[in-house]
Amino acid sequence: MIGLSHYMILSGLLFSIGLIGVLRRKNLLMLFFATEIMLNAANIAFAAASHYYGDLSGQMFAFFVIAVAASEVAVGLGLLIVLYKKNGSLDLDNLTVMKG
Amino acid sequence: MDNILSILIFFPALAGLLGFIVDKDSARAYGISVATIEFLLALWLWMIFDGSNGGMQFIEMVPLIADFGISYYLGVDGISLFIVVMATLMVLLGMIGLSIKKDIKNMIISLLFLEMTMVGVFLALDAIIFYLFWELSLVPMLYIIGAWGGPRRVYAAVKFFLYTFFGSLIMLVGMLFLAYLYHDITGVWSFAITDWYALVLPFKYQMWLFIAFFFGFAIKVPMFPFHTWLPYAHGQAPTIGSVILAAVLLKMGTYGFIRFSLPILPDASVEMITPIAILSLIMIVYTAMIAYSQKDMKQVIAYSSVSHMGIIMLGVFAMNAEGISGSIFLMLSHGVVSGALFMLVGVIYDRRHTKMMSEFGGLASVMPKYATIFGIMLMASVGLPLTIGFVGEFLVLLGFYKISPIMTLIAGSTIILGAVYMLSLYKQTFFGPVTNQENHKLKDLDKKEMMSLLPLVAIVVWLGVYPKPILEPIDNSVKHLVAFMDKKAKTQEAKDIIISTTLIREEK
Amino acid sequence: MENLVYIALFAPLVGSLFAALFAMTPKNLITAFVTSGLLFVSWVASSSLLMYVMDHGTISVNMMEWIAAGNLTIDFGFQVDAITAVMMVVVTTVSTVVHVYSIGYMEHDKGFNRFFSYLSAFVFSMMILVMSDNFAGLFIGWEGVGVCSWLLIGFWYHKADVSTDVNPSISPSWAANEAFIVNRIADLAMLIGIFLIYWNVGSLNYDVFFAAIPSLENSLLVSIGIALFIGAMGKSAQFPLHTWLADAMEGPTPVSALIHAATMVTAGVYLVVRANPLYAEIPNVSLFIAYLGTFVAIFAASMALVNRDLKRIIAYSTLSQLGYMFAAAGLGAYWVALFHLAAHAFFKALLFLGAGNVMHAMHDELDIFKMGGLKKAMRGTYLYMGLASLALAGIFPLAGFFSKDTILEVAFNEHTYIIWFVLWITAGLTAFYSFRQVFLTFDGDERYKKETDAHPHEVQNFVLVAMAPLAILAIIFGFFMNPFKEFATTILPAYEMSEHTHHIAWILIIVTTLIAVSGIVLAYKKYANGLVRDEKMENSFIYKLLQNQYYIPKFYMEFIAKPYKEISDILWNKVDMKVVDATVDGIAKIIYFTGDKSRKMQTGNLSDYLNWMGVGAMLLIVITALSMSLS
Amino acid sequence: MEQIAFYLFSVLTIGLFLVTVLSNNVLYAMTSLAAGMVLISGFFFLLGADFLGVVQLVVYVGAVMALYSFGMMFFDATKDIKEKNTSSYLVFFLSGMIALTLVIMFSAPIMGENIIASYPIMAGATNPQAVGLVLFTKYLVPFEVAAVMLLVAMISGIILAGKKMDDSLTTKDENHEEDDTFSRKDIK
């Protein structure tokens, strides 16, 4: 029987994969992809919790997470385009204006 | 008038806001008139104050954040009343003697805001309000030192700010913990100091709280070894800054001990008498010696302030009415005297733009009035009887004698060492032939300076000869406090000490 | 009668304040007249009080409350009893004379008005000292006279510091500071005594304290007695706090006469006499006082033997006579001490004022080796000084004879033969140095013509007239010994000689007179016909030792003043700056340094930031996991 | 049946996402991401959250992926991405540790025993119905806010992406080159 723990572990693994992406990749677009993975991992956890506790709040959260993700993509892509126009590349290593 | 305390606090600040629209040339006159009104208000408060009542008077209370027991809570008793009067007086006289030309408007406004915070600290009965004013007082002072100070003003101002700020943050933690304990015991939140008075705390907590408060207050006093910000601040601050700093801001520390540590944590206070007394003794002797080796007049007075604050601390921890009353009186007298001395150094600095004693000599021949007033203040500073300095010093030493004769003997060396550095200063500056040609053409005190100094001379003599109008209300409040501490102390040991320090030995 | 008390007390204050109004204006004779007049008023009031007290006993008045805190209440209370009345009359007499004298002496001084203001302020302080009915009031006067003495010693503050070879006192301002600081050391002990009294008796009033003495433990009384006596030692310049007195001669001569001979320095004696119920209870301390007084008597006399400074010789002789007074007081003969105090005040003030005349004539030259033969020019002064010196030497029938002789009798009576012997020797020394000074100054060849360009002249007549009361008192005061005794012993314990002493009293008198006379004769032989310098003696060790005051000032300078300055400098430069402040700055620097180092973490590269975030996130998760598993 | 589906989906999602994260080619990465999203909606269906599954499909696979694809047109997607991965050790260590701790935490049988559902799933209503009921009652305000947020995001996306749209990147670059050549000539 599949329990809550299974989903949680799966979600944890997916989240870690996303984290690997966030940490490893230098291309901003790939970072976005990795972020999406992490968000989705969280969504699975929400949905699973919602299912196993019989409470709809988890689904509601997942729903809002999706909304946020959508907005993020919209704004983020816009920013990426601006950035690309400015720099001609999406490589993070080129963005060091905040060097202290 | 029920809201006199609020008026007293916020009148200068509101006037300061209005000050932004005052013309630059009339800013000083505006400031003086505001400070005069404020001083008259303070005097009026004194007039309507009931001196025989040792408790809080003119209480104002408006809940601000009811859930956490934070309220706008003011009150005045004999302990705080005179410090407030003194603070308003020193601001007024400082403004009269103000010789700064640069950005005078900003200076006046800063001073008025500073006045609000100072009055607020002494009138607040809610810990949060107290803390607010306590921290706010740093801001105008930082500005005054940083904008009008000497060549190393930025270093001095930052050091002053960070050092005292560090201490008060620890104090804030103590306050929050105390409020938490109060909630734990009574089930309601309250930051009112008078509520905290009712709290009987376990000894272990008292010690921790005492240490937390100690950091906040001790750095402000400043106690050895936390005193090193003071010489820099005084050395670099403009005259008015030094005057206010020495006269009022330092008193916040010792006032804090009396208002918080003693009544809220009586057992810990009794326990800590010896450590604090040792620190105070080091302060007294050590800084008196350092003062002797200074070459800058202002530094001498700055270090002498530390030395005198040591006596005040000793009096606070004498645990008897004589000592505590004496130390409060000494706070006032030190405020008046050191304020006057700083003004006097300012006078000579305005003329010569140096404060080095080696530059002077023989000033008594050139500036007799100046030398006379300086001499009177000097004598008050070394605690000559019939000047204001003696009463407090005498009472403090008398009070502390009951705790420890040996320590009193060491502390009493202040009357010798104080004379040593002060007379040495006076001799180097005022006596001997006029060696420096530039000093020949120095002008004696002008009207403006006389206006700001003569009232202080009058006070020095008046309160030295007849301290009763001030000493009596102070004493009533202090007796109230000591009786309260005795009632509240938990351990028998502390009770014994508090009782025994007030008793005259019975005849056989 | 209350009004008389207030008049006697406040007349000098009014005079002082009046003169202070003119302090910064050029010389104005009115200040001198007003202050002198008011002092005369005070003298009249004091004398009438003396009469009144003789008939009616003690007067007490309470002016107002001064300090009240806790259980402590201190009033401005004044009481006039026999001791006080005597002191008041002595003080006002001498000070009135000195005031009038000063009109002549300070004639050309720029600070004429200021001088009178200070002088009257001093008299006021002294009056408070003797009239107070409690120790706090005494302390007011005690410190007040200290300040006035500071002001007056440093009156010529404009003089520059010179090395001790030129002037052992360095400068007036230096001497003033020394006097003030040394006195403060003693005052601290006095304060401790006051605290002890308060915490054990609950009041500082003399009467309350004296009444409580029987109920107090002996060890406590000893502590109080010692503390108060140390206070007295400072003001009365007893060894080892004596160095300031000789240096105090830097002040104008009338000041030396009034403060450092007649009144202020006797305050210590007054205190011991006043506290006689205390000292009567603690015989050991009293005996110590007597021995110390005896020691100081001969110690100071020995220094006076070789000194060449006119005023310093008189200062040492003052010191020596104070030793006599303490010896008497310590032996329990309080009224004798008081009597000697009064007699001494008269003839010593006279001596000083005479010295002032000489100084005036010699244009401030003080070296007696450079004088000689002045009697031609200054007959009146010669007379006065000779008279005063005779009195000082204790020659019948002058005042000093009676008082000093009684002290010797007392010493004999108490079977403290060492004290008697030392005091007896000192009597001889006293006679010798007094007349050495007189002869060197007034007799012999006129050395001043070679050594200086002074043209000695007698002072104005009114000055000589003003000095007359002192001269008369120096002559006749001794005959009042019996009435004085009667009067004083209404308050003080009556000291009676034993039968045995009575029997041999006349032998003692002869012996004492003999040594005094032989001292004078020796001085006459050696110096009356001119100065013969004895190189060998002047280079001898003892001579040098005495001339350098046993090297005590040097010792204090080298081992107290200089090390104190050095330690202060070290504390400031090394400890405060390099340790305390450096620690604070060090902490700030560490914070700054870590900030500076960790700044490099801010590469600006988002990827690095993300890595750091990952580290942080992991730490948080691990902590959460741990805390959850633990709980 | 459920178990089979769960494990199948799990393996596939993990694999696909790993491809996304590790691939150097944007196209592969995006494709595998889209596939992974679809599979995640499968989990939602498995968990009975039908509505959420549909939303996932519509929003992610439909809208988001489309946005990415359009976005990619601006960037040169055919080239392999060259990155210098300096500290992949750290990355894998960190992520591995996090995964490990998360797994340990979530597999620990300590949590969630006494959680009480505040909005229980209504019996007899289908999932979309229940979602609708909760969404438009309890979560109405957040819902509206989310809507506004989406609107704002849309506008900002348009504005950001539309900035300087009138001068194209390629022509701009050419112009620059021309400028450069001109300037070079001038110098010569």
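Which chain is which? They are A, B, C and D, in the order written, and residues in each are numbered from 1.
Everything that follows uses one rule, which is that contacts are C-beta pairs under 8 Å (C-beta built on N, C-alpha and C of every residue); 3 or more make two chains touch, one makes a residue touch a chain.
Just so you know, these numbers come straight off a predicted model, no measurement behind them.
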Task: Most centrally placed chain, judged by C-alpha centres - done: B
Task: Pair exhibiting more inter-chain C-beta contacts, A-C or A-D - done: A-D
Task: Rounded Å distance between chain A and chain B, as computed from the means of their C-alpha atoms - done: 59
- [ ] Averaged over CA atoms, how far is the centre of chain B from the centre of chain D? Could you give it in whole Å?
- [x] 64
Open item on the list: Can you work out the whole-Å distance between the CA centroids of chain A and chain C?
Closed with: 92
TODO: State, to the nearest whole Å, the distance from the C-alpha centre of chain A to the C-alpha centre of chain D.
DONE: 6
TODO: Identify all positions of chain D at which a residue touches two or more other chains, and write them in rising order.
DONE: 90-91, 94-95, 98, 102, 105
Task: Where chain C touches two or more other chains, by residue - done: 611, 614
- [ ] Would you identify the shape of the chain contact graph, picking one of line, ring, star, complete or other?
- [x] other
Task: Pairs of chains satisfying the touch condition - done: A-C, A-D, B-C, C-D
Open item on the list: Show me the residue ranges of chain C that touch chain D in the complex, using the header's touch definition.
Closed with: 611, 614-615, 617-618, 621-622, 624-625, 628-629
TODO: Within their complex, state which residues of chain D touch chain A.
DONE: 2-3, 6, 10, 13-14, 17-18, 20-21, 26, 29-30, 33, 36-37, 40, 43-44, 47-49, 51-52, 55-56, 59-60, 63-64, 67-68, 71-72, 74-75, 81, 83-85, 88, 90-92, 94-96, 98-99, 102-103, 105-107, 109, 112, 115, 117-121, 130-131, 134-135, 139, 142, 146, 149-150, 152-154, 156-161, 163-164, 169
Open item on the list: Touching residues of chain D toward chain C in the complex: what are they?
Closed with: 87, 90-91, 94-95, 97-98, 101-102, 104-105, 108, 110
- [ ] Please give the residue numbers of chain C that touch chain A in the complex, ascending.
- [x] 599-607, 610-611, 614
TODO: Under the touch definition given earlier, write down the residues of chain A that touch chain D in their complex.
DONE: 1-2, 4-21, 23-27, 29-30, 32-34, 36-37, 40, 43-44, 47-57, 59-60, 62-64, 66-75, 77-82, 84-85, 90-91, 93
